[in-house]
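Take a look at the structure below.
Note that the chains take the letters A, B, C and D in the order they are written out, and that residue 1 is the start of every chain.
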Amino acid sequence: MRIGAHWLQRRLRLLSAVCRRGMAKSKFEYVRDFEAPDTCLPNCWVVVRVDGRNFHRFSEKHNFEKPNDIRALQLMNRCAQNVMEELKDICLAYGQSDEYSFVFHKKSSWYKRRASKFMTHVVSQLASSYVFYWKEFFPNQPILYPPGFDGRVILYPSEQNLKDYLSWRQADCHINNLYNTVFWMLVQRGGLTPAQAQKRLQGTLAADKNEILFSEFNINYNNEPLMYRKGSVILKKKVNEISTKVIKLKGEEEIEVEVSRSRNQFAILHCDIISDTFWEENPDIFSGES
Amino acid sequence: MRIGAHWLQRRLRLLSAVCRRGMAKSKFEYVRDFEAPDTCLPNCWVVVRVDGRNFHRFSEKHNFEKPNDIRALQLMNRCAQNVMEELKDICLAYGQSDEYSFVFHKKSSWYKRRASKFMTHVVSQLASSYVFYWKEFFPNQPILYPPGFDGRVILYPSEQNLKDYLSWRQADCHINNLYNTVFWMLVQRGGLTPAQAQKRLQGTLAADKNEILFSEFNINYNNEPLMYRKGSVILKKKVNEISTKVIKLKGEEEIEVEVSRSRNQFAILHCDIISDTFWEENPDIFSGES
Amino acid sequence: MRIGAHWLQRRLRLLSAVCRRGMAKSKFEYVRDFEAPDTCLPNCWVVVRVDGRNFHRFSEKHNFEKPNDIRALQLMNRCAQNVMEELKDICLAYGQSDEYSFVFHKKSSWYKRRASKFMTHVVSQLASSYVFYWKEFFPNQPILYPPGFDGRVILYPSEQNLKDYLSWRQADCHINNLYNTVFWMLVQRGGLTPAQAQKRLQGTLAADKNEILFSEFNINYNNEPLMYRKGSVILKKKVNEISTKVIKLKGEEEIEVEVSRSRNQFAILHCDIISDTFWEENPDIFSGES
Amino acid sequence: MRIGAHWLQRRLRLLSAVCRRGMAKSKFEYVRDFEAPDTCLPNCWVVVRVDGRNFHRFSEKHNFEKPNDIRALQLMNRCAQNVMEELKDICLAYGQSDEYSFVFHKKSSWYKRRASKFMTHVVSQLASSYVFYWKEFFPNQPILYPPGFDGRVILYPSEQNLKDYLSWRQADCHINNLYNTVFWMLVQRGGLTPAQAQKRLQGTLAADKNEILFSEFNINYNNEPLMYRKGSVILKKKVNEISTKVIKLKGEEEIEVEVSRSRNQFAILHCDIISDTFWEENPDIFSGES
């Protein structure tokens, strides 16, 4: 019966190939040792900052309003909130323009504090959210291509260092927004070309820019929307939700019982976080154990 | 003129606040020094591997077919290709299931070889692409929530180490796919519960699994689709595209000219990359300077 | 003049070789880029711990007394003091047995906080001091071979973490010294072999060991020398030394002037550093700016 | 029996204190988690380079001859050999002036390839050797204080990178030695002050320096001692030493047997390692498995 013999031979060859392949895996597994550990130092605040990649081009292609597109800012806020909903141990987030910073609690032991886990989970969640929630904020404007983001991890040993980091980002927001506000006024209402506007602003101090806004365009910069001037802070609060539920035990009457469920609630604020007031009014932002 | 004086006072206070804020930035800028450099060792291949976060749940919620959902695999391939289109210096990508590995050329100096740049750009581009291209592959099934991914960077000093890494992933693909193929046969056609199927397979070798497939379900595992058994390799080729263009110089007749443009072309293969044949047939994968 | 021509040719060849060599350097200089930065996170305490390499053998070859050789301990203290004299920004050192920990101030920016600088400077200074000061402590016993040490760097973000580190080392000193004290009593006065002594102590608690010392050898462990039980702490104090100097300005009479010079003074203590008392009594150990 | 009760109380207090202390250790042990892993990437050559700390001052205090003190160079060579005798897996060392580079084999798994182990063991062994062997090379000149060294670790993925590193150091040796040779000629025999000599050499090329040596001091630089111009390479060879030993088995006659013992032998060379010749003549330097 040659066919049977043939079949058997084929099966044997198959089996041996599979066995070889099976062994192959362990033969190759040494490559795992090349993965370097990147644990974050314990007892430090872990900040992940995310930036839009090449968002200058992205905002042009999608006709973002200048200097601030409220839809784009609110989309970023929505995405940042999603990051906080999905990932553990983030106690605060701060965002402005196309960047967002997420603060993981210094006691967090999420994924053994591996830096790559912190940054890739944050950045991928924000990126997929950006496309997912796009149409809620740009209902009449389809997204043309998937945007990229970059991320980094920074450690801060003390609460003061962490607050100074957040102050640095908010000061940056202020400086950029003041500049952009004047720049686009000069272009949009002053009739200057971008190059002329840039030249006009070269070397000016904050006071000078305020003066231009006030005297030439009758704008008091301090009356500009807070979200533009201060950026956005997202806080998380654990709340106990109590609802009533009707249950019926076998052979008994229906009864109403109270059911309590712990849930995260998010607050988006646009306030000064440089002065102490904010931290005094929110004493438990950093107190919560992870 | 008390009103004027008042106004002036207010302006001065405003200006001084702005000045203070301006100085504030430089006062806070010391926090930049806390950012640690994470340059990848030169002359090493840089692999970024991306994995779906909690994709067990994601695939259930979106009714992925078991053991392989061809739409989901092709979506991953599409996203990986987008990563290669957008990011420089990737010479090859290999994917299986919900993971994908991207190989940056050992000579790449993209973003000064910073590990965080490599991994966050890859993972965010893949994540935003996943939502962006979803509807092309799941036209009748809306995506329910934005998925997350994790990523890591691994360095390989030699070409042999790199090939062994890719072999390791393909051997892993083989082992998982063989297991999953038998497991879901036992459940879907054999009528076993998942727990029973798992018990049945406990301790079986590759040969035993092949035998079950063959004798009980008349399936020769080697005839299963290559994409399931081998995963997907994406290669990039620079091609010169030559097109003809009609131009007309002032005061002359129209003429046809040939225009040459360098463009990346991508090939998605489902072949064995463990044996030497693949590398012999594609000698220039790793040769290209970045 | 053939000889001249010959000579000229030789000179030219020499020159060109030298030029080539000169260029060679820049051709090779790319290898510097392989040096990875290893900056310590700012605002963290930097601890360098040094351990004797293979000191079990070293102490046998040099007939160290058991369980404690006072000469060897004092030699280590002398070396540690030399490390503090030579290197900047060390505010405290703690040693026991053949190990020593050095605490660099969290504000130190010595050598840009490079970890390799911290550890290699400490370990090499300690190692060369060990041979250098040997004869002061072992006048009748020549050193037989140069000993090795290993070192490591550990960062502590908070003062509490740092104190807990030091407490950990002192608790370790206590545990080891109690064990060794009983072990060597059993061997030296109890007539047990080392193997028998080890077996006798297996599973015993601290209380049991105290009991053996007390009931069998009439030793109250608490009366053992503090240096053995607590290890050694070295503190540094900046002192102003005022001396009088006679100077004579041209054409004037000699006068006496007071000259003030800042100098480091070292105190070696053998006290408890686990309880708060020590830190309360030495409030300025960690306060000094680097 | 009040005394007994008192004694018991005291003992109990002692015991409880000891127990507390015992527990204390585990309470503090969390500080170990702050130690960061620093494994060197596998399959890379590990270079540890050691430099004398502040050796300008050290050489002045010990009256080193200029531009080269042969005793100091030979002492460094002796110390480097001691490092190679004591530490595993070093396949080659190269030194010049007050620096030495040690190459650990790329397959070495010594101390799990921890960078801190590599550098601190090397630097401490070299430092203690320096004091230990001093009197062999400076018999009439006591060492005045213990010198310090610094060290660093650098990884090289390919053999070519490693050879280029060594070439870089030898090219550096050449450049420095040529400069120093002319500089000190100008000072010692030419009667220039150091400042004048420095000025004279500013902007000169290698050819110019050769010319000065030749025309003004009748020195052909190429005839200067090889050790000064090329530095020192230390190679290690495993040799089988065969000796005869007389043994006598119980109740039998004495017989002679051959005993073979593997031993490391060291060769110190002063040759060019930039050209291929050296590597062709020593093909097994890098071949040996660790």
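Details
One rule holds for everything that comes next: a contact is a pair of C-beta atoms (placed from the backbone, for glycine too) under 8 Å apart; a residue touches a chain by one contact, two chains touch by 3 or more.
Since we're looking at a predicted model, the values are computed, not measured.
Ranked by how far their CA centres sit from the centre of chain D, the chains are topped by A.
Averaged Cα coordinates give chain A a centre that lies 20 Å from the centre of chain B.
With centres defined as mean CA coordinates, chain D is found 49 Å away from chain A.
Distance from the chain B centre to the chain D centre is 45 Å, each centre being the mean of its Cα atoms.
Under the contact definition stated at the top, the residues of chain C that touch 2 or more other chains are 34, 36, 41-43, 155-156, 161. Viewed as a contact network, the protein chains are fully connected, with every chain touching every other. Those residues of chain D that touch chain C in the shared complex are 11, 14-15, 18-19, 21-22, 24-25, 28-32, 34-36, 50, 53, 82, 86-87, 115-117, 119-121, 123-133, 143, 145-156, 161, 164-165, 167-168, 171-172, 174-175, 178, 205-207, 210, 214, 222, 274.
Across the complex, chain A meets chain D through its residues 33-34, 36-37, 39, 41-43. Of all residues in chain C, those touching chain A in their complex are 41-44, 106, 155-158, 161.
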